[in-house]
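Presented below are the structures under discussion, each in the form of structure tokens.
Look for chain A in each of the two complexes below; its partner is chain B in the first and chain C in the second.
Showing the complex of A and B:
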């Protein structure tokens, strides 16, 4: 009999041996080395062993009896030290030599350990084999023990879920923006995160690990880049694998990222084959089990001299966390010529997305309903033409004409005590009673219950209660949806973001049943604003959801250059600032320098790549961004007031500076302009601003809702207050009320026209506690957003302003 | 290979299982598995329960699983017959599909100081699962420990079932519960645990756990079937997602799916009727077992899972 030596008793070589022994049990005398002190077990089922849902015995594929029965000589717990290809022998770590006719390398892979300071501390482990699993089980036995898992991929999440079931306090750290980013898109990643958080697991995405801290040689905590310290008794690194190629490389086999094999799984040495995670085939390496089993079949046939070819195929992914149903297959990256078909059912937590290219399904992601996963997987593998079933494809093979989700179902499901109108404290039951007593339209309900009679943001909801209660006797007025991605209006979305505590874009898309995968150019900027305004601490601003001016922090001009406007507090400047501006204008060949209507200096015609440098220069002179491009506070225009003017009644310049220093940096639904005039002669033109303060002998007249653009509006009086501090308080509270309630891209005058000035006065003037609460919430938001974007971008993101390198020069060289 | 479930136990922990179904305003006996307790079977066949009446009626009226450990002087209606049969404790599990009561499953146990096992009802209070009640046989210390244990979401068998909203089968209660209930569970010989959600109308959360000991297992074969449309599609089918058997070893297979259609075998009968199914002495039961209980678990009015145990 010929001699076959196999190095590594993992799942791939185990399957190869099964095929070989089944086809021709007497062809080879087989010796199987394994560094682990055991034979082949189903490694991918270690997660349920960790969680207690399986025993190790259950996942053993080949027990001792199997090896004996099949005549396989086992040398478990014994490493192979080297391969002598010239003599065709393997040398074990004990120096023992064993000859082979054919050698099969199946050394698998090693977990990748991020070389963070402290990675070698006791308690820092990978998640790869039974030893790791048992260490985790042991660690979970300590009362109150905490675990941190670095890596939000398949393995990391399975480890986290298992440790949690074992009773540990678990935090998952993931460097990317959503979990399982290689298998899922952001929407599915959001649902998965929600399911894990629901299990009591803390999840931190976009988190960078910096250092592992220890005490007495044992892990104590993980320190993140942002300074957060996560105490832990166990730190599991599950960030990926590296093919274990050392033996092959040392033996002189062709090795790239892994051991090169041809279609027959033969290495560069015709008598040495390789299989599993240690191989590289046509540039690809492998981590999932399905292609490994395909390889195993080919290995067995090659060893028997039969013709066989390994063909890479699409793989699908499932997560082994009980109760988390997800499926992912194929390619679902965005790309030219690709289209998405998206289905969401917020009530059932279902998200399905198919990626179509040239009438074929090339990718599928689904969460919450995976019944059709294998059918879609088949379509992907077969490259089936789906043009005939395109309309109903997403509903799967058993499509029976399913209707779109009913947007009113949520309203119908509300209990009678659910509050509909927050302003007037009106519950659904009161509205239903009013309808039962004859109120048949919005006006009647409003008259009887006061529901929607104040800010009006619940109008849509009241109408839906009418529709649910009256059936087809009530005609829902056509409302303008936010965009093509949803049937909901801006007001509905704002209300639901607050009510359902939606704190990320994927959360909004999923829970509100967005029809597209990730929104569009219309809804994304609005959602980005709503989320950052409502959840300043929890939500992270998404630059990709901003218009170019806000992304670039400068106004783009018609020739593609940008304008740069430094902030001048209250319109006051000094010789040093003016010199810095002049120097910058000269240095960067600024063709036009203009004084703006808002009392600032505009440098027009700055090239994109110069932006970070001109900002840095201006920053050095103490100048910060004037936000002349933003949906945010623009300028506070002032007159000279009592300092210089004979008619001035108060320090209008001083108040203007204070207001600007309080409000700058805040994002608002649309741009906000202020002015402070020192007397009723109104030299600062305060009565056509969003907020205009006119100083009078008795104090400060605060007007709101003015405009001097396409529409010209005079401000409406909000309050007359005696002190400067009250004027600041009223203004800040007004801006915050506007931020919290207005529709994106509504200037204050438009918003006030919808909600009524009386409601605004009720909130700010008549209710000091509410005013203070608004001021407090504004302060929280400013703690995050009041920062100079120029400084940040000049320091950290300069490269994003540079056009892509001109490669023709390199080619010439 | 399996040390979690023994093939030939001396005695099983549960002596009697019954399914009571609503008929008009009363619960009537739909099926019963009585073993050799013929007299108790005869008395039960004559019985019916109004809402709030007796143990099944109480589970119906109060919409929660009910544990009754002492029949004497209680609302239990068949005290004399039970006493004669040596039965002393019972657990009633209502099966609700949304707001509709489909059936009440009643299991009865005999008092025997040598029988160890546990049937526990966990209820949510203030964000934690605490023991509502339980029957433990001889596992008295474990009972005391359980009374003083709480499970947050995602932790342990009850917390895992609660978070995942799905039945779960734990092999490793002894070492797995570690600091929670481990030592005591290990001492009591409790190894395998089946946990299942018991959905009821309203917002209350209940989790039922059946903990099996080596000598007196609750059953010798456990199965969990997934029947959700989200898993099996529109067809009335179920796939076996986990299971363990004293005769056949592990029942799960990560490569080949076991699937049954409606009316196909005992599990198919649960799919078809939507009711708990009891089989006693029926030929053709899996692995040649003599009896089985198949319990449907609903989610939002739809049949979601089936758990089955065989003796």
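Showing the complex of A and C:
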């Protein structure tokens, strides 16, 4: 009998042995080495063992009796030290030699350990084998123990879910923007995150680990790049695997990312075969079980001298976390000639997306309802032509006919306790009750519940509740949707972001039933503003959802160059600043230098790649961005007030500077311009500004809602206050009220026309507690957003302003 | 004949972002979509010459920053009511690096 030596008793070699012994039990005398002190078990079922849903005994594939019955000599817990190809022997770690006719390498893979400082501390483990699983089970037995899992992929999430089920406090750290980014798109990743958060797992995406901290040689905490410290007693690294190629490489086999094999699973040595996660076939390596089983079949046939060919095929993924239903298969990236079919059902938390190319399904991502997953997977594998059933494809094989998507699905899906009217604290349930008791139109609902009776921004939602509740008996007034991606108006979206606590773009897209995958140029900037205004601490600003001016912190001009406007607080400057501006203008060949209407200096015609450098020069002289490009605070124009003017009644310049220092850096629905005049002669033209203060002997007249653009509007009086501090408080509270309530791209005068000046006064002037609450919330937002973007971009993002490559130089060389 | 040239790592462009490649025949905008597809188009909008690399990228489309013309990144053709197109160029990603077809860019110059 010929001698076959197998190195590694994992799932791939186990399956290969089964095929081999079944087809020809007497062809080989088999010896099986395994580094782990046990035989083949179903490694992918370790997660249910961790969570306690299965025992180890239940996941054993081959027990001792099986090896005995099949005449396989086992050498478990014994590593192979090297392969001597010339003599055709393997040498074990004990120095024992064993000859082979054929050798099968199935060494699998090793978990990748991120070489963070402290990665060798006790309590830092990978998630790969039964030992790791048992250590996690032991750690979870300590009351109050905390775990951190690095890696939001399949394995990491299964580890997190298992540890949580065992009662641990678990936090998952993921470096990418959404969980399972290799298998899921952002929308499905959002739903998955929500499900995990619901079961008490903390999830932090876009988080970079910096250092593992320990005490007495044991892990104590994980430190993130942003300074957050997460205390933990157990740290699980599940960031990926590396093919275990050491033996093959030392033996001189052809090795790339893994051990090269041909279609018959033979390595560069004709007597050595390889199978499983340690192989590379046509440039691909493998981590999921389905292709490994295909390989196992081929390797067995090759060993028997039969003709067989391994063909790579599409794989599908399912997460083994009870209650999280997700499925992904094929290729679901956007691409040339590819189209999406998207289905969302916010009420059930369902998301399905099919990617179609040339009338074939090439990819599928599903969350919440994966019943049709295998049917779609079949369509992908078979390359079936779906042109005939395209319109109903997304509904699956059981589709019986149905109607077009309901534009009011999002409102219909809201639970009764969802708040509709924020001003008066009215929930959907109260409105539905009012309707049941006879309120049949908006006026009646308002009279009974006060819903939409204050600022009115939830009017559209109240009408939709009426329509959903009354059906055809209610005629919905036509309203303007935000854009082609949704049927909801801006006001509806703002209200729902607050009521449903939607804190990310994918959350909005999913829960509000967006019709496109990632929005459009109309809704994305608006959503970005609503999210950062409502959740300053939780939401991270998305530069890619901003118009170019706000992304590059400069105004784009018609020829693609930019303008640069440094801030001049209250319009005050000095010789040193002017010199720095003049130097910068000369150094960067600025073609036009202009004095603006907002009392500062505009450098026009600066090239994109020069921006970080001109900013660095201006920063060095103490100048910061004037935000002349932003939907945010622009300028505070002032007159010289009591400093020099014989008519001045108050220090208007001083107040202007204080207001600018308080408000700069904040993002608002549209641009905001202020002015402070020192007397009613109003030289600073304060009465046509968004907020204008006119100083008088008795104090400060604050007017709001002025404009001098497309429309010319005079400010309306908000309040007359005796002290400078009160003038600042009123102004800050007004800006925050505007930030929290207005539609994106409505200047304050348009917004006030919708909600009424009386409502604004009620919120700010008549209610000191509410005023203070607005000021406090503004301060929270400023703690995040009041920073000079020029300094930050010049220091950290300068390369994004330059071409990625310059082929004119390349060609010249 | 193709002549793929490595212009840099995929990570140098943000998802839903773009960067410019300078060539002797003008700038080419290289776009990265939300799910890591890469496209190369002439950077100049046919309407008023807006720099497309500065636009907002959504799905496989870009919106010109000057007057909101929307172009399909696959075909270079303007969408909706606007009509016009920009030239597209072969681009691909391999092992995390972006490659453009230099021969195609060079012949464009000759044409």
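We take it that the second predicted complex is superposed on the first by the 752 of 813 C-alpha atoms of A that agree within 3 Å, B and C clash if a C-alpha of one lies under 4 Å from a C-alpha of the other, contacts with A are read in each partner's own complex, and residues count from 1 in each chain.
What we mean here is this: a contact is a pair of C-beta atoms (placed from the backbone, for glycine too) under 8 Å apart; a residue touches a chain by one contact, two chains touch by 3 or more.
Nothing here was measured: the structure is a model prediction, and the numbers come from that model.
Peer 1: Which of the two partners, first being chain B and second being chain C, lies in contact with A:65: first, second, both, or neither?
Peer 2: Neither chain B nor chain C is touched by A:65.
Peer 1: For A:710, decide between first (touching chain B), second (touching chain C), both and neither.
Peer 2: Neither chain B nor chain C is touched by A:710.
Peer 1: Between chain B (first) and chain C (second), which does A:164 come into contact with in this model arrangement: first, second, both, or neither?
Peer 2: Only chain B; A:164 stays clear of chain C.
Peer 1: Pick one for A:370: touches chain B only (first), chain C only (second), both, or neither.
Peer 2: First partner only, chain B.
Peer 1: A:337 in the overlay: touching chain B, chain C, both, or neither? Say first, second, both or neither.
Peer 2: Only chain C; A:337 stays clear of chain B.
Peer 1: Return first, second, both or neither, reflecting whether A:517 touches chain B, chain C, both chains, or no partner chain.
Peer 2: Only chain C is touched by A:517; chain B is not.
Peer 1: For A:137, select first, second, both or neither according to whether it touches chain B, chain C, the two together, or no partner.
Peer 2: It touches chain B, and chain C stays clear.
Peer 1: State whether A:57 touches chain B only (first), chain C only (second), both chains, or neither.
Peer 2: After superposing on A, A:57 lies in contact with chain B but is clear of chain C.
Peer 1: Share the list of chain A residues that count as touching for chain B in one structure and for chain C in the other.
Peer 2: None.
Peer 1: Please output the residues of chain C touching chain A within their complex, sorted ascending.
Peer 2: The contact residues of chain C facing chain A are 5, 7-8, 12-17, 19-24, 27, 30, 33-37, 48-51, 54-61, 63, 65-66, 68, 70, 74, 98, 102, 105-106.
Peer 1: Quick one: which bits of chain A touch chain C in the complex? Just the residue numbers, please.
Peer 2: 177, 185-186, 332-338, 340, 516-521, 524-525, 543-548, 551-552, 556, 558-560, 799-800, 803-808, 810-811
Peer 1: For a test of understanding, state which residues of chain A touch chain B in their complex under the given definition.
Peer 2: Checking each residue of chain A against chain B gives 42, 44-45, 51-55, 57-58, 63, 137, 140-143, 161, 164-167, 198-201, 322-325, 348, 350, 368-372, 396-398, 400.
Peer 1: Going by the contact rule set out above, which residues of chain B touch chain A in the complex?
Peer 2: Its residues touching chain A are 1-4, 152-157, 159-160, 163-166, 168-173, 175-180, 182, 229-235, 242, 244, 249-250, 252, 254.
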